[in-house]
């Protein structure tokens, strides 16, 4: 029974991890290529979720909803890039932080203006709902398995994109040397818009996918944003591989910590107090993980040493 | 600037007319002019928790408007769900607006930050929602009235309902913060069965896969959870998809009108406890539900009913006494001589309601998810802290 | 273009004149609001020493703000309940005396800043931003689940703490105290900037390798700056708690760390009076816009965006026509 | 006085497969200017970084005044008596010329910890800084922001900062780089007189200056010292000709 529980929790951790990866991948790409700290990434996640909820409500199709989420987030991303972000590439990190924080305010309250203060409805489609039985007799929600699958597929796709395509070469060149790729005749501002929109689309996809099993509401992006930052910092900024490893670490730490730390404390503490202490420690666990990684490797696991 | 308003914000035109009518009537009858009373409402109108504050405000303003009184001035401010902003606004209400009565706070932590200080300064505070235990027990105050409930009430009712439903082994869960601890304590206070496991989740957590796996492994025969706002939506959707089919019980917060539509089918059939529902059979309630829908184009929520009742309590006191005579005004509030949407309404010794709490079930009416009362979970229930209150 | 000195005195004068006017006009709340400005400015002055001079973008200064707040909360709570603080070996009585509370608040914040700085300064750039955030979040979640002192509900202190010879319950007197604290911090920052420490710290931000080649350790310089910075922000936290007569985990939240950074950027990074004018503008916006519409965040966002895009160097940079230090 | 002020023995540093420096042993004697020359990418900057402690060596040791300083970091080596100038000016660009030299003076006195007393009231720091400024001829520009200096003035300031340290040995990375003919001449004259105060290890591309100044020259090619000797030795060396000037002997 305990083994089954552990396997199930590990699956949960992986599922959480791959969703964090979708967020973190865009964030790390944008930082790696453009050197931009984008706090508004969480807002694009929210845009994706709201677009999906709205389209699903209007058409009843989950697939259309996902497409809408990708499109809406990519469009919002491209728009913001052209209107605001473009002016920030040369600015200090601090200015970027303030500007993208301002964007969060505008996105969040703007969304509330349009959709109202109450959460929206978005559900898992019937063909993906319910549990399936895995080998070993674990009943596990089909939808979550699908999420893991999509996450891994996106990770592979991104790997293919950066390692094997022309765009990928440009992206990697952009990370190393902006003047160089400009000199090679690549339209750098178009490349930046493209990368930003790609990152935004991934965030929007994550928002829509997660929105189906969570609450689609204003402000849903910020907690995920903070965790996504934790992920890319653990992995090393600019590294897609690092983002993937970081996401898995954070997903597993958060999930397993939340379940097993209270149980651990119960071994030598009174039950109620153990639950409390364990839970407090669990909620800090991700941050403890991050600080340990950074103290050990100040540029993250796969980061380039400064 | 404060939005100084005597009217609901949504339907300014309509209420303008009402005020004109009311003034005209007053002139004709030449009624003796009562002293103006100023009410400060601090509530959450922006950010994630805005839905609750908007409902309280709308319910409150609806009652003020229906009363036709133009001698009650309401100053509304947004606390952004931040305690320090709430304190600042309370200072403003007291120092600058010089209000007589405060109301509106949704969240317990904000109430704890504001209420003790404003009541100490001689102002009245009428709580339309938050009812933290310290304010019901040792920290109670003669100028503090709670029109909604003491925080533990709905949880106690859930425990009591679980007994009648024949559950004997519950898995219980709440976020790791004081209201969460209170919730599980409240449930355990009334529940006579075993507790299979007691889990505290992270505040603001959105994924409950891990907890659901624990539920599956726990061997419990029922699940009790207190996860307000988006947390509850997430949990219910994920629980419905998990294949675990233990019956779920919760307090009304996760099944209220505002968020029920976002939960959807996942909530159908779940039993939850509430002191109010739109099908409570009395004329005040029927009129409230109808007029709220007419005014705002949506079904009223629990919070709206609390806002509405709070305003009516206030109006009843204004009618009976002058606010400058604090003693008389307090007695008038204590008498609670108003028509509540809940039927009969009375305060206990600690100025918290003594009321019936219902078990209700989530149903679908046409396209709209809503609740139906299926029985009484607790009757004429007070709270566990009244004994500690020395007024 | 106006000279920075002139602007600085004008800001300081305005900050005193407003509450004095309010006393005569009986606008008590204006005093409260100005006190809030002063305290937030004090916290940001602290951060500005680390951020503006030392180049350490700390996204976790709420940790010190909160520690200062809880130092006040815990000491006053124990004085309020007449229960001594039990450390196992020693018992300490609570206190309602501001000087004692301030001392404890600054000492604890300084200690925490030393520890956090020691660990965080191994990293630079975005990593430093994020590791300081991580420490802030640890305090935040700890405070939320620490039931003994109210957890998320926080702690209410019913009566403001006392200061010998003053009646702190009178708003203008409490304002005066906070204002003096702010002035002391400003004088400290001003003197620090011109001292040998300030000179070397400022160089350590711009060119750490140069500082090493003249035989100094930039890390140690930054660490001391971080400790001073944390201590000042901690003091501000204690005052903030006294202003509200309330502490809660919100004081530890990353939003608060972000707000402090924003105050500084609005005013002008590294400028002596940057945090002060930044706090004035921010509180004023929050106050006035909040009354206009439920959706005032949209306008706040637009204004902030405008400031970043069109006024590099913040308000003071805009007024003096000079860019500030680069961080 | 020791016969050798600064010496390296078998210094080596690899970046992956590339050996940036390979078994480099050089020394610097009292009163001399020892120039290191070599084509781009020969490992000169790596060598300087290793000598000054900015880069840890894979093997080998660095001695200053007969003391093994290999395990010391940059700041400790500076305190032990190494005065370095940078190829690309590492100055506090936002600060005034005066502040930059005062930084050196504060470092030399080891007194950065006063947080309250204005630097201008530390007579010894001010005197030392002024002295250095005067010697390089920057007194008139003391109030100027570093960012507003001309390129030549920055080179002068680099040297001035090193002067404040009163080091036992100077390590200078291309002090002539980017100077015009006049600037180069002035600097050459200045360095010529400086050797009596402390010997100079000079990395330089400007061959006229090198031939005018150097007592000895070492040639670094692909990380290895291929020749060390007087100016005429080097001029005459076939190995240098082949490797460095790219001529076929």
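Worth pointing out:
Each chain gets a letter, A, B, C and D, in the order it is written, and its residues are counted from 1.
Just so we're on the same page, a contact is a pair of C-beta atoms (placed from the backbone, for glycine too) under 8 Å apart; a residue touches a chain by one contact, two chains touch by 3 or more.
Please read these numbers as outputs of a predicted model, since none were measured by experiment.
Contact tally for A-C versus B-C: the pair with more C-beta pairs in contact is A-C.
With centres computed as the average of Cα coordinates, no chain lies farther from chain B than D. With centres defined as mean CA coordinates, chain D is found 49 Å away from chain A. Spacing of chain A relative to chain C, judged by their CA centroids, is 32 angstrom. The geometric centre of chain A is 35 Å away from that of chain B, both derived from CA atoms.
Multi-chain contact residues of chain A (touching two or more other chains) are listed as 108-109, 112, 276, 279-280, 283.
Shared contact sites, meaning residues of chain C that touch two or more other chains, fall at 141, 144-145, 147, 295-297, 326.
Residue positions of chain B touching 2 or more other chains: 46-47, 50, 176, 181, 200, 202-203.
You'll find the chains touch as A-B, A-C, B-C, C-D.
Chain contact summary for the complex, chain A toward chain B: residues 1, 4-5, 8-9, 12-13, 15-16, 108-109, 112, 116-121, 123-124, 129-131, 139, 141, 143-144, 210, 212-220, 223, 255-256, 258-259, 262, 271-272, 275-276, 279-280, 282-283. In the complex of the two chains, the chain A residues touching chain C come out as 31, 37, 84, 87-88, 91-95, 97-99, 101-106, 108-110, 112-113, 226, 229-230, 233, 237, 276, 279-280, 283-284, 287-288, 290-291, 294-295, 298-300, 303, 306.
Put simply, chain C touches chain D in their complex at residues 188, 191-192, 194-200, 202-203, 206-207, 209-217, 221, 224, 228, 325-326. Interface residues of chain D, counted against chain C in their complex, comprise 52-54, 73-76, 78-79, 82-84, 86, 90-95, 99-100, 102-104, 106-108, 110-120, 122, 125, 161, 164-165. The residues of chain C lying in touch with chain A in their complex are 51, 57, 119-120, 122-127, 129-131, 133-135, 137-138, 141-142, 144-147, 254, 258, 261-262, 265-266, 269, 295-298, 300-305, 307-309, 312, 326-327.
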